[in-house]
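Each chain carries a letter (A, B, C, D, E and F) given by its place in the written order, and its residues are counted from 1.
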Amino acid sequence: MSVDLTAALLKIALFLAFFLGTLAPIMVWVERRACALIQDRPGPNRLGPWGLLQPLADALKFIFKEDITPTEVEKPLFLLAPVLAMLPALSTFVVLPFGPPIEVGGRVHNLVVADVESGVLLFLALSSLGVYALVSAGYSSNNKFSLLGSIRASAQLISYELALTLAVLGVLLPVGTFRLDAVVAYQQEHLWNAVPQAIGFLVFLVAMFAETNRTPFDLPEAESELVAGYHTEYSAMRFAAFMAAEYINMAALSALCATLYLGGWKLPFLNPPSGPWALTALVSFSGLAVKVILFMCLFVWVRWTLPRFRYDQLMRLGWKVLLPLSIVNLLWVAVATLQGWM
Amino acid sequence: MQLAVFALFALLSLVSAVVVVAHKNAVYSTMSLVVVLVSSAALFVLLGAPFIATLQVLVYAGAIVVLFLFVIMLLNLGRENATGEAEAPRGSGQKWGTILGAGVFAGTLLALIWRTYGSDSLEPLQAEAVATKPLATLLFSNYILAFEVIGLLLLVAVVAASVVARRVGSAGEAEAEKEG
Amino acid sequence: MDTFLALAASDSLTRLVLFPAVAALPLVFLRREQVVKVYLLVVSLLELGLAALYLGSHGGADGPFTASRDAALSWIPRWGIRWELVADGISWPLALLAIVLVPIVVLGTWKGISQRWPAYGASLLVLTSGVLGSLFAFDLFLFYVFWEVMLVPMYLIIGIWGGERRIYAAVKFFLFTMAGSLLMLVAILWIGATYFRVAGTWSFAYEDLLRLDLPAGAQLWLFAGFALAFLIKVPMFPVHTWLPDAHVEAPTGGSVLLAGILLKLGTYGYLRFAMPLFPHASAQARPLLLALAITGILYGALVAWMQPDMKKLVAYSSVAHLGFVMLGLLAADVVAWQGALIQMVNHGLSTGALFLLVGMIYDRRHTKKFDEFGGLAKVMPVFAFFLVFSALASVGLPALNGFVGEFLILLGSYRAVGAWAIAAAFGVVLAAVYLLKMLQLTIWGPLEKEENKGLSDLSLREVLSLAPLAVLMLWIGVAPAGFLAPSQKALEATLSQYTERLKQPVPTEARLIAVEPKEAAAASPGQQEVAR
Amino acid sequence: MPHQYFPVLLAIGIALLVGVGMLVASRLAGRQVGGRVKLSTYESGMPLLDISHKRLSVAFFLVAIDFIVFDLEAAFLYPWALVMKDLGWPLFWAVVAFIALILVGYAYVWRKGGLNIVVRGRRAVRG
Amino acid sequence: MVPISYYLLLAGMLFIIGTLGALTRRSGITIFLSIELMLNSVNLTLIAYSRLLGDRMGQLIVLFVMAVAAAEAAVGLALFIAIYRHRHTIDLNRLNLMRW
Amino acid sequence: MEAQNLLWLIPALPFLGAIVNGLLGPRAPKSATTAVAIGAPFLSLAVALYCLFQYLGGGASEPLAATAYHWTTGPIAIDISFLLDPLSSVMLFVVTFVGFLIHVYSVGYMSHEEGYQRYFAYLNLFMGSMLLLILGSNFLVLFVGWEGVGLCSYLLIGYYYQERVPPAAGKKAFIVNRIGDFGFLAGLLALYARYGTLEFGPLFHKIAEDTGVAAGTYALGLSFASFVALALFIGAMGKSAQIPLYVWLPDAMAGPTPVSALIHAATMVTAGVYMVSRANVLYQLAPGVSMFVAAIGGVTAIFAATIGLAQNDIKKVLAYSTVSQLGYMFMAAGLGAYALAIFHVGTHAFFKALLFLGSGSVIHAMGGEQDMRSMGGLRKQLPWTYRTFLIGALALAGVPPLAGFFSKDAILGAAFEHNKLLWVIGVLTAGLTAFYMFRAVFLTFFGKFRGTHEQEHHLHESPAVMTVPLVILALGTLVVGFFNLPPVFPGGNGFVHFLQPVIAHVGEAGAEEGHALSAGTEWALILVSVAVAALGIFLASRVYGGGRGTAGDQTFASRFAGLYRTLSNKYYVDELYDRVIVKPLAWLARVCWKVIDSLLIEGTLGVGTFLTELTGDLARFSTTGNVRNYALYFFLGVVALFWWMIL
């Protein structure tokens, strides 16, 4: 038991380190620099070389800023909301495999935090709880922009969740289990799913953007309309928590996307070394991390390139395009699998 | 270990359940319900039904309760006293009748359960018993008709709900839709 | 299931029964009134064609009405309930009457019904199915099911397309009929359970239950259960009050079918089930029922005489006419039974025609009160002709159908019950009194009301709907032999079985007795000698 | 096997800790100045002009209903993934029927405009 | 191993809490939530028995219960919306049109 | 062509005519209608004559019989079959011959009527039915015809349907007939139940063989024969307008006059007599009933004759005289002189048809006026009518050697032989008959014209199509009496002999008619009846002749006011019936409807409904409309159930 506990804690620590210690700072920097690049301006460049220390400064600023709790808010919910935002973000990764099974001290460990049968379903379940953070924040802020923002955000979230869920199901069909390591293994034997299930991949990708409220789907926090939406009233670390949750969500979803469609932790033409288990784990984890970072860059690129959708366009896309597409994908995969084409 | 986890979630769900029932603000009630549901999901896992537990979170907590929240937001039932709870209590007979009935029921039920299952001992769960595949097989063989009926039920529900909710023409709606 | 479908697809009674109900489905999609009407007409004529086809292919030694049956299918095996349809000489005349009346009703109410034609048509068709099913069902449970199926469309027809007090009438109709039929259901379940107790297996099949010899007490209760259901439907004297209300409020088509077919199910059921299954009990109850039947004849006639409303008059005349039928059935004499059977058909034809005529005049004037009429023969000679013709048939004028039935009933029942028949014969006088009053007040006399002067005579469509009825009335009246002969064998078989059973003592315990197979099974081509 | 799910619990616990910790840290580290104006609801610096909780369009509710339905559909289809290969084509057709049923409801809502969120409101002066 | 009776007791208590809520609260929404609570407690019972008896049917029924609950919530909440639109309240004490 | 194979044609042809005319409709050319209308009875007459010649020429030894088809099947075997025997041949001749003549007459009489085609359709229908009645070889066919003529009577009386009175009169006729039919039907049922056949031949044979038929009590304290005879006679009463069912016949004069002549004088009303004669076996076996028949006949005869004295409507006078003459016929039949009854039927058919047609001619000339007080002195304008009417009146009065004399005298002879009281009544009636007939003759044809000027202007003799039948009938009236000369003459009683095969010989009762009296008595009786007739005519001429006009009536009315009022109001019988039968029955019906139906049955239901509603109302207090209350009840119920289950 204790071995398992230790292993689990180690794996969780690995992810947290990656998310909070590595990915977040890098991405803050990348985001700001890339934005500047695209907008043809220098961007933050005072702290450290090329402004590399800027994320640290940002973090400090968040910590030391005043925590404003407006008098009109529903206090318990208002305080709970950022935690609720962090909760799904920081728990969904448990089902993501990041390497081949390794043997430590005579015991075989799967390189996944929670080696459970529900697998990807658990991911979806936990991420579906994210909506409560939005609603809580919006509702408790006692501000009509926040409320509208949160409602819009939740509607958007649930709308795209459908497409996402169905696209994921498409991946699972030929595999025959919910376990993501099986999905990875399947992709080692077959093509990456992104090829035969291009439709699903596309759907997933779009839904991913929407799920994380990223441009062009950042309607809920559209500053021009809704004064930043549901987190208008938040400041300091609470605001940072929302931001961090968003980034972590992006990362987690990117990881899931990579696992489902792009072969998971496995890099092409590169097998993890069969040396010491720690090396194996780190290398294979890096494979996943590389893909996640690539995805994150895509997020940033898209954010600063594409204009924002109008809300009705957004919903129309979700309901009238992605949903049918995902069903089509589902049926196609089912037929293909049953016919043995897959 | 399991007992600790059970105690944690049982306590959590009980407290949250009381909040669900007792809280004046419907939003808090709803949020508490989520807690109850998630705790129950944890208990489901303990009972060897992880798949149901996951679905409980995905469907129940993640979808159905969202609908409640939406309606509460939509009708603005949270803060203001549209629910009328604050008004002078009427029908306290109702309350006392309920408490009496619930008391009798609770006493009987608890005594009964305690007497019947007080000393049961369970075999530890086996992997096969937890596996989801047999469940799926059962669903898609013996209960395939129920499965299709669920489809029908959902169809009816969505149509009915759309029709009932969308009685266009009342003044409230036009006004409300401008807000969108 | 596939056997059922196969049965329904082949030239079978099942098809005959189910066709109208199935044909009602497309009505859901039809919207245009004209299309619906034509569709209905086509369907009902098709049904007639199917019936003819069936009769043509299944006729045997006894002529077209030779007993024939569909293969019995298990329906609820747990309780031995089966889908078993049998047609014989007793059910055929009524079934044909039902089938013939439907297109006539459609034609006759072409304009009278102004709304919701699809639903109306569906009701008619489902009603047809229910009636045919009741007539052919040889499983008591199945019979009950069809019996109830019959109830609903009629309830709808009265309740939706009826007159001002339609809801009251419909509810009254429903409650009366329901009260009786629930008792019948109890009796059916009881008899089924008794059979199970005695035979060890479940069965509701008519022929199985016929073998059940019940002790006196059980017979009496069971008979009461069945008889009440049937007598309410007939309707017999003290439980008749739903009928005038139902008729007056029902739309024309509803009245025609109600009088033409539904009431007959009561007498049919009495003949088919109540008497053969419980011979001793029925014999015991005979004096009371005879008294009620006679009372009904005279009472119905007297009350009809007093009515200020044409339709109510005709409605009460039904009470009197059905009293004759009951008299015939109670006589337990083959002549009387023949008369009763043909009288059921007659009543359907003549009263049906009268209701149609009342409906036609109602369509024009929107009233049925005698005060509003008078001298219509001047402006509506064709209407007058048909009214006189139908009224005379109803009066029982020789050479028209009503006479045949009444005469045979009286002949047979005089032989069996003597003075009762004489008392009933006085009903013939009263029939003339009230029907001639009707003629007097509607078509004869001076044409005084301004509203009546511009009335148009019957259209070709209306004539077409009445003409078949008139032809049949005359035909049956002039040469009834062809209508009597096919049913004779079935009636004789039932009667002989009934009298045989009566001769045996009542057992103290329920038991099974051997019953020689009814003509249904014995209808082999060898026994063709029908001696005259 | 419940214990396999323990890491999930663990992760959730840690997530909670992290979340709460972040907030507590900020609370401890940051200065708390406060002030009536500063703590008022931000609406361009104005006092509340209007009640904040207006009733919202019923379209959101309809979207949520559709979501529920499809979510359940997905929930019921997930087990399919486990047994699809075992049960083969008959099950496939059963599932197609199931999906078709759901799609009928979907089409109904589409036809009735239930998916056109907001746009209806914008064209309120249509006729 | 946690004895199954604990689960059942917990379910029973949840059920009673739900009942109390459903029968004493006046807000339609809260009553609805209480009913969901009761449903949930029944689900828990079903799963517990499923575990006790080693029979998966209990789990399956929970699945169906969820579907029914979803349908119920959809239609029920739609009704609330409709009612609110007409009466501007969902206080069940005031919704007594069905009173003779 | 075998004659019996043609028998069915005789009734069928008029039926065909009726159908053709009915289908042709009112828009058909009048000539076509006429051709069909006249052609059908003419062909029928021709066939009838052919058959009669065949039959009589063949010595009339065996009756002709033919079955058209089986009416019923199975355990009861009733056929549509025909029989030509002496009895039916007499009737056949009378019906076809007189019927044809009246058809011809109608062409003229009805020429300006609106429903010309309808009239002839009815009339043909009547002919068919009547022929069915007399040719039928069993009681069923007879009954079919019996009812058929009743129907036609109804339709034809109500021919002027747009007026108020005729339809009502038709209805009355039909219903009164129906009452009779009720008796008839009862008789048939009894017969069939006992013998299993309705065919005349086998039936009467069986009755004659049946030893117990006249003994014991069957019903109502009567033997079987008596019961059936009485029941059948009730039918005859209705059809032949005997007390107490005669009331419809005078009212029936509301129909067109040729109809009165054909149906209500010559043919239909004699059906009762025909039927009684046909069933003579029964009546011979039921002497009590026979006596009753005779008594009814006698009473009816004098009763109607007295009413006839005070009638002013020329047709009403003839109608009451018809009732009276029918009384004679029944008197004869009741006395066992069936052949004489039939003989009187025949002679009466000729002279009464003649009289009616004559009156029709008068009415035609008067433009529809029927009241004799407005007539007078018409013999100049209507010579042919006058002459033929006079012959008819003389015949009716019993003046030799006209037809009426022979038949009436024979009946009186039979009465004298069997029952002196009836003879007295008969003689008195004869006198009264002579008196009122000549009252009519004097009021109509003599004296001064009392009508309006305009009527006088229009007076004219009828066209030939009407007068020729009158003349033929008058000739017939002169001739037919000689078929049955009184027995004192050589070759007398020929008709009686001719009919002898039909009259059964049951025991002693069947002695041959007309031989019992000595020649002296015969002559004395003849003299008495002639004298009585002469007296009646003389008195009439004293009171009404010589231009006195209606003064005689006024004198009579003032001198015997009560008596006159009673007579002119027909003894208040209609009023009596109304009070005693119609009103109570209507009252009963109203009670049935309003009290039993609406109050008792509906009331019981109402009480049930009330109780149900009361329960509902009481239970309604638990219905607070608050869902949670219901839920609480539900919950408490569950708790209770729970307890019940674990305890």
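As a convention for this text, contacts are C-beta pairs under 8 Å (C-beta built on N, C-alpha and C of every residue); 3 or more make two chains touch, one makes a residue touch a chain.
Predicted, not measured: the structure shown is a model, and the values here were computed from it.
Asks: Can you list every chain that touches chain D and also touches chain E?
Replies: Expected: B.
Asks: Name, by label, each chain that touches both members of the pair chain A and chain F.
Replies: B
Asks: Taking every chain's C-alpha mean, which one sits closest to the mean of all protein C-alpha atoms?
Replies: Checking distances from each chain centre to the full centroid gives C.
Asks: Among all other chains, pick the one whose mean CA position is farthest from the mean CA position of chain F.
Replies: The most distant chain relative to chain F turns out to be A.
Asks: Tally the contacting C-beta pairs at the E-F interface and at the A-B interface, and name the larger one.
Replies: Between the chain pairs E-F and A-B, A-B carries more contacts.
Asks: Using mean CA coordinates as chain centres, what's the gap between chain C and chain D in Å?
Replies: Chain centroid spacing, chain C to chain D, equals 63 Å.
Asks: Between chain B and chain D, what is the gap in Å from one C-alpha centre to the other?
Replies: 17
Asks: Round to the nearest whole Å and give the separation of the Cα centres of chain C and chain E.
Replies: Computed from C-alpha means, the inter-chain centre distance equals 53 Å.
Asks: Quick one: chain A and chain C, Cα centre-to-centre, how many Å?
Replies: 76
Asks: By residue number and range, which residues of chain B touch two or more other chains?
Replies: In chain B, 1-2, 46, 48, 50-51, 55, 58-59, 62-64, 66-67, 70-71, 73-75, 78-79, 91, 94, 97-98, 101-102, 105, 109, 125, 130, 132, 135, 139, 150, 154, 156-158, 161-162, 165, 172-173, 179 touch at least two other chains.
Asks: Residues touching two or more other chains, restricted to chain D: which are they?
Replies: 3, 5, 53-54, 56, 58, 60-61, 64-69, 71-72, 75-76, 78, 80, 82-83, 99, 106, 117-118
Asks: When you check chain A against every other chain, which residues touch at least two of them?
Replies: Answer for chain A, listing residues that touch two or more other chains: 1, 116-117, 121-122, 147-148, 151, 158, 161, 178.
Asks: Using the touch rule from the top of the page, what pairs of chains touch, sorted by label?
Replies: Taking the chains two at a time, the touching pairs are A-B, A-D, B-D, B-E, B-F, C-F, D-E, E-F.
Asks: Please give the residue numbers of chain D that touch chain A in the complex, ascending.
Replies: Against chain A, the touching part of chain D is residues 3-8, 10-12, 14-16, 18-20, 22-23, 25-27, 29-33, 36, 38-43, 48, 50-54, 56, 60, 63-64, 66-67, 70-71, 74, 77-78, 80-85, 88-89, 92, 95-96, 99, 103, 106, 110, 115-119, 122.
Asks: Hey, which residues of chain D end up touching chain E in the complex?
Replies: Against chain E, chain D makes touches at 58, 61, 65, 68-69, 71-72, 75-76.
Asks: For the complex, give me every residue of chain C touching chain F.
Replies: By the definition above, chain C touches chain F via 238, 241, 299, 302-303, 305-307, 334-335, 338, 375, 377-378, 381, 392, 397-399, 403-404, 407-408, 410-411, 414-415, 418-419, 421-422, 425-426, 428-429, 432-433, 436-437, 439-440, 443-447, 479-481, 484-485, 488, 492, 532.
Asks: Once bound in the complex, which stretches of chain B touch chain A?
Replies: The touching residues are 1, 25, 27-28, 31, 34, 38, 50-51, 53-55, 57-58, 61-63, 66, 69-70, 73, 78-79, 130-132, 179.
Asks: Sort out for me which residues of chain E touch chain F in the complex.
Replies: Spelled out, the residues of chain E in touch with chain F are 19, 22-24, 26, 31, 92-93, 95-100.
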